[in-house]
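Some structures to go through are shown next.
Below, chain A partners chain B and then partners chain C, in two separate complexes.
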Partner chain A sequence: MDFDAVTIALFLAAGVRLCLPVALAALGEAVSERAGVFTIGLEGLMLFGAVASAVGLAMTGSPLMALVIGTGGGAAAAFVLALGTVLARANQIVMGIGFNLLAIGATSLIRQLVLTNAPPTGSLRTVTMMKLPWLADLPVVGRAFFSQSPVFYLAVVIAVLLWAMLRYSRLGLVLRAVGENAAATDAAGLPVLPIRMGAAVFTGVMAGLGGATLCIVASGGTFVDNMTAGRGYLAIAIAIFARWKPVRVMLVAFVLGLLEALQFQGQYLGIQIATPLLMAAPFVVALIAWIAIGRAGAAPADLGRPFLRGELR
Partner chain B sequence: MAEPMADQMGAALGLIRRALSVPLSMRVTLAAFAGSLVIGLMLIGLLGVPLGAAARVAAAGAFGDMRAISDTLVFMTPRLLVALGALVAIRGGMFNLGGEGQLQMGAIGAMLPFLAFGDIGVALLPLAILSGAICGGIWATIPALLKLWRGADEVIVTLLMNFIAIFFLKYLVQGPMQPVGSNFNMSAQLPSAGTLPLLIEGTRLHLGVVLALVVAFGVWVMLQHTAFGLALRASGASPGFVRLQGQSAGRMIVSSMAISGMIGGLAGAFEVLGVQYRLIDGFSAGLGFEGLAVAFLAGLEPMGAVVVSLYFGAINSATLSLQSQLSIPSALAEILSGLPIILLAVISGVLLAKGRPVWTSTR
Partner chain C sequence: MSAPIIKCDHVSKRYPNGFLALENVTVDLYPGEIHALLGENGAGKSTLMNILYGVHEPTGGGLLLNGREVRHTRPGDAIANGIGMVHQHFKLVMPFTVAENLALVAKGAARARLRRHADVRTFMAEFGIELDPGAVLGDLPLALQQRVEILKALVNESRILLLDEPSTILAPSEVGALYDTLRRIRDRGTAVAVVTHNVDEVLANADRYTVLRRGRTVGTGHIAGADADALVELIVGRSVATGSRIGPYRTGGEPRLVLAGVSIRPGRGSPGLSNVDLELRAGEVVGVAGVEGNGQTELFELLAGQRLPDQGRITLPKAVALVPQDRHHEGLSLDLPVSQNLLYSEIMRRRYRRAGLLDHAAIGNRAEAMIEAADIRTRSHATPARALSGGNQQKIVLARAMAEDAPVIAVYQPTRGLDVAAAEAVLARLAEAADRGTTVVMISSNIEELIRVSDRIVVLNGGRVTGEVSGAGMVIEKIGPLMTRAVAPGKEGVAHG
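Take a look at the complex of A and B:
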């Protein structure tokens, strides 16, 4: 079997494209979990981002504005969610399950009320690919990684910035301190709840952008009910498997994206596997990876625990 | 003149005090439901539908006649079963968020005897139910074993396995289980001997509804009146205590998850055997997560789960009527299912922050 460079480049490019929504959401989840907030509602946040972007596209006609509005929608939804999980100390898992149910209904309602009467978006005005000068002309990798939508470059930049922030900045230290031991951070005079709120809203920004990317970049601007189809849960698994390290989140997401890409590119690569099985593959691999880690990796010690002032641990 | 007034005031105060003497958890739950119904009504109002008409249509749709009542009960059944499964596991200390996957595997399991043996008459139905329960049970035992073997957190494992099961079912009905020449994502139809009999002609009320209620009673008896139930609750409340007692925490983890998955599997099996009569891609549409919400809203009590799942069933049949008669989008059902659990979690959280926890959480 011989593959030409174009086939491989297209396969890699499809992997990048498909992993992008999940990777963005997983970056957000990594940050909120570092701060001790387990955002099970990530799936719902992505849905809100997606529907907001579809509404944005219908209103403005501009894919870029749609992405911005989708990001805002995710952030707003995350703020409401965080009012419950952070400020009101609601059980984060129970709250997340309820939030995801609500999100499926609410986004479907928004679609039926707002988007059915919207004028058809006409031609597929998706975000155009952006070729990076010089880099895009490289063999294979040029087409795979440097002829992508601008959102991909943004995601890479965000991942690197997050890595630097968590590792070297005071903000990163404070964020991790809140996740490891909220009571001690509080005793040190740092505002635990505002920091957690901030981290939770940032998660919403990323999940909203992820959902918007899914809707605008990957699906031609059409919102379909429950279109995330479990990607939010997959992103949670990626964030944990990547040990909350942003750059690793991107790499893990990319590998899972390649698996998903097999359903489109697999026949050119000589691989014949039924589509539903390939769609299940990222979940299977995430599960196997999760089992392989086992007890080894230590999670932030206060992950999932509501902050109660003066509670001893 | 002032005397009777004062008496009435006193009586009213007494009534209020008696109302408030209802246990805190019950009051919180009632407040959550009341709050979400108010929000639901506001939503309907915002859609420009007169509230009186909407309320009439909703009530008639949920409980108006025999058909409406049986629809409500049929909608109740899978949610009740998933909730029962979830609460058995959670009471045992395992956060089983895999109800959706266990339901999918139960549905697949319910088809297996027919595919293996063909139409073998009366034996088919019990075999199908058994097979559905076993498939769900096996699916739920995997996270338990992974937890023991590798320490893999069950929250993530069960969540991921949900989607593996969903896509596996999709694969089956597009491939191995799809009848030759068919293009639909569904299996062949079961013979009538292999389906749950209807209890009332002209309605959808099937035997599974009764069986689900029997399971609810059985779970209650098991939790409250058996040594196993006591050990299960003890292992959920305090794993260390169970170890001190010289019992194996691992055995409790596996058995509670196996039972939990078998009940969740029944939910899927009954959907196939009593409602769809075949395996269809996407038949569940989040039933597993709704069942989980039911379990939490019921305070992890089996009898509470009956009441809460009846509410969920009523919401679903009511929104169907609202959609067909008043064109109110049926997405309202998910909103009214998600809202109470959110409100409950928030109220409980606020009380926790004030030092009055409603739940003694298992984690």
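Take a look at the complex of A and C:
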């Protein structure tokens, strides 16, 4: 096999494109898990984000507005989910799975009721491609990383900001403390439940943006039933596998994106692996991540444990 | 002395389950004093602390801060009013560093004051504490974690510092250093309130004391001129109206269960066990007395085979029948019928099977016989255990343990929550078992019933056996000091009647 620069650049670029929705959701999941909230409902949040963005596109005709509305849809759905998992202390796993099942039906219903017309045929160019001046002209990496959707640049900025927030800011300290020892944080007079609510809604923002990106940037603005197809679960696995570190989340997601890209570009690269195997690859990696959590010493100690003051520990 | 900085003014607390934990308790805390709150378990000390700190709200009376009435509905209110609390179970984030744990609680000006590690060092030095601000909490020994817990309570310029049983997790040699720190804090004008059950510790270190018993204040005063014996009597009460002795005093036969130099590391707000020697013999009731949380749980877990000693040797017989402290979680499956609860340690035996399946007729017959013998009041053997009263539930656990015919039976707080008649029945069954040659170990915080049924009593205090009394020597005047006073190793009190 012989690789030329263009093939490799296109392969890398495809990896970035494919990982973007998952990476965004995984960043959100990392934050909520750091705060002790296991957002199993991530898949559903992405779906709500996707359908909201499709509705937004139909209503406004603006892809940018569609992304904003999709993000808002994810946040609103996350707020409702968090009312159950955080405030009402419902079992986070059961509630999350139920929420995901609900999301499949609810988003399909919204599609049938609202999205009856064909999607607007206007240009989505503004959100699919933004060449960064100078950087885009670099060989290989220019085409791979600097001729991407503006959402990708936003994701990188968010990842770096989250890293700095978690590591250096007071908000990050408090957020991590809530996830490690909610009772201690409460005893320090800090508001455990509002912080967890905030983290859960932020996860909705990121999952909503991820779903909107999937719909608007990656799928030409068309919402298809259950179009996330397990990406939410994959994002959860990525967050865990990356040890809840935002920059690592981006890297792990990118590697999985490359695995997915092999499905489409493997033949150009001369790799002969059965497509079904390639399609399964990201999920196999996710399975390994799930096994890894079993011996994850670094997992937030209060992850998945609802907080109730005065509860014996 | 000046005016009290905070006053618990005729405070009462009735929990939602109806338990009256505090009744009309008044305690004053003055700036610049170390005030000891003494009492046994269940005396209400921790409840009082939690009311001051806003974890619980009083159901009667209130708090006066500098003479003004205040309400603490959550810890944030108490912190805002200058109260810091050192919990028995540390409220520390173990994966965080010392500096991060302090930063977490720091507010406003204090936050700015602790920005850099050098600032944190300076802050700690004010209290004579030297620690690496970058050290991860989980890597520090318990005594140092406790210092961080204290510092945390002081970060926001607290004027009142509450400590819940700070000495229980410490080795005797570490207690002095703790009070050195507390004296420095006191000398800055802070009111320091310490919950403890150790009289000698109080006499050596406190300025004033208040004794609580069964939710009431039974004494308060200055340490200067206070007398150890009088304090002990205030804590455990006079030896009045102890019920009559159940059965004669027995002398044990051959040894059945031996602990030799057994130690368990301290942790989770418990002192563990240190260097415990114990020999349990056939046909005797050995009582284990002590204020709760002095190593009893570890001892029971050792007897149950649920854990191994960190040091020393334990020789267990083939089987030990168990009556655990928490019958709802460890003793019963509440939703299973009485019959299965009675038989689940022997239900796999052949006689309860027919053609490889459970023989419910045989199980039912056996259960009926046990229900009859143990006088368990239930509608039928098929009734779920949940439907029975606490006393009858405990009879199930006890009957099952007895039926195992194990050489040793270990019971932990066997009469807790039972009414008088049910408690009497439990004690009588234990005495009968010993008469038949069984070794009975009874861990209880109820001294009176220990005296009535035991042949000898060993006392656990701070994870060590501080003494043993037997026969007519088992009187509250001898047991009380062993429970509540520091006893130097090697000078254990022994009394025989």
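The rule we apply is simple: the second predicted complex is superposed on the first by the 292 of 313 C-alpha atoms of A that agree within 3 Å, B and C clash if a C-alpha of one lies under 4 Å from a C-alpha of the other, contacts with A are read in each partner's own complex, and residues count from 1 in each chain.
The rule is simple: a contact is a pair of C-beta atoms (placed from the backbone, for glycine too) under 8 Å apart; a residue touches a chain by one contact, two chains touch by 3 or more.
Note that the structure is predicted; figures quoted are calculated from it, not measured.
Superposition of the two structures on chain A shows chain C fitting alongside chain B with no clash. In the superposition on chain A, A:M130 makes contact with neither chain B nor chain C. Taking chain B and chain C in turn and counting the residues of chain A each one touches, the greater count comes from B. Rounded to the nearest 10, the angle at the Cα centre of chain A between chain B and chain C in the chain-A superposition is 70°. In the superposed model, A:L173 lies in contact with chain C only, and not with chain B.
In the superposition on chain A, A:L308 makes contact with chain B only, not with chain C. In the superposition on chain A, contact of A:L287 is made with chain B only, not with chain C.
Of the two partner chains placed by the overlay, only chain C lies in contact with A:L190; chain B stays clear of it.
Legend: residue contacts after superposition of the two complexes on their common chain; A:V140 is shown touching neither chain B nor chain C.
Of the two partner chains placed by the overlay, only chain B lies in contact with A:A90; chain C stays clear of it. Looking at the shared chain after the overlay, A:L102 reaches chain B, while chain C stays out of its contact range.
Of all C-alpha pairs spanning chain B and chain C in the superposed arrangement, the closest lie 5 Å apart.
Here chain A touches chain C in the complex through residues 170, 173-174, 176-177, 180-181, 183-190, 298, 301, 309-310, 313, going by the rule given at the top. By the touch criterion stated above, chain C contacts chain A in their complex at residues 55-56, 74-76, 79-80, 85, 87, 89-96, 100, 103-105, 107, 111, 152. Across the complex, chain B is touched by residues 84-85, 88-91, 93-95, 97-106, 108-109, 112-113, 225-226, 230, 233-234, 236-237, 240, 274-277, 279-280, 283-284, 286-287, 290-295, 304, 306, 308 of chain A. By the touch criterion given at the top, residues 43, 47, 95, 97, 146, 150-152, 155-157, 159-164, 166-168, 170-171, 174-175, 286, 289-290, 292-293, 296, 329, 331-342, 344-346, 348-350, 352-353, 359, 361, 363 of chain B touch chain A in their complex.
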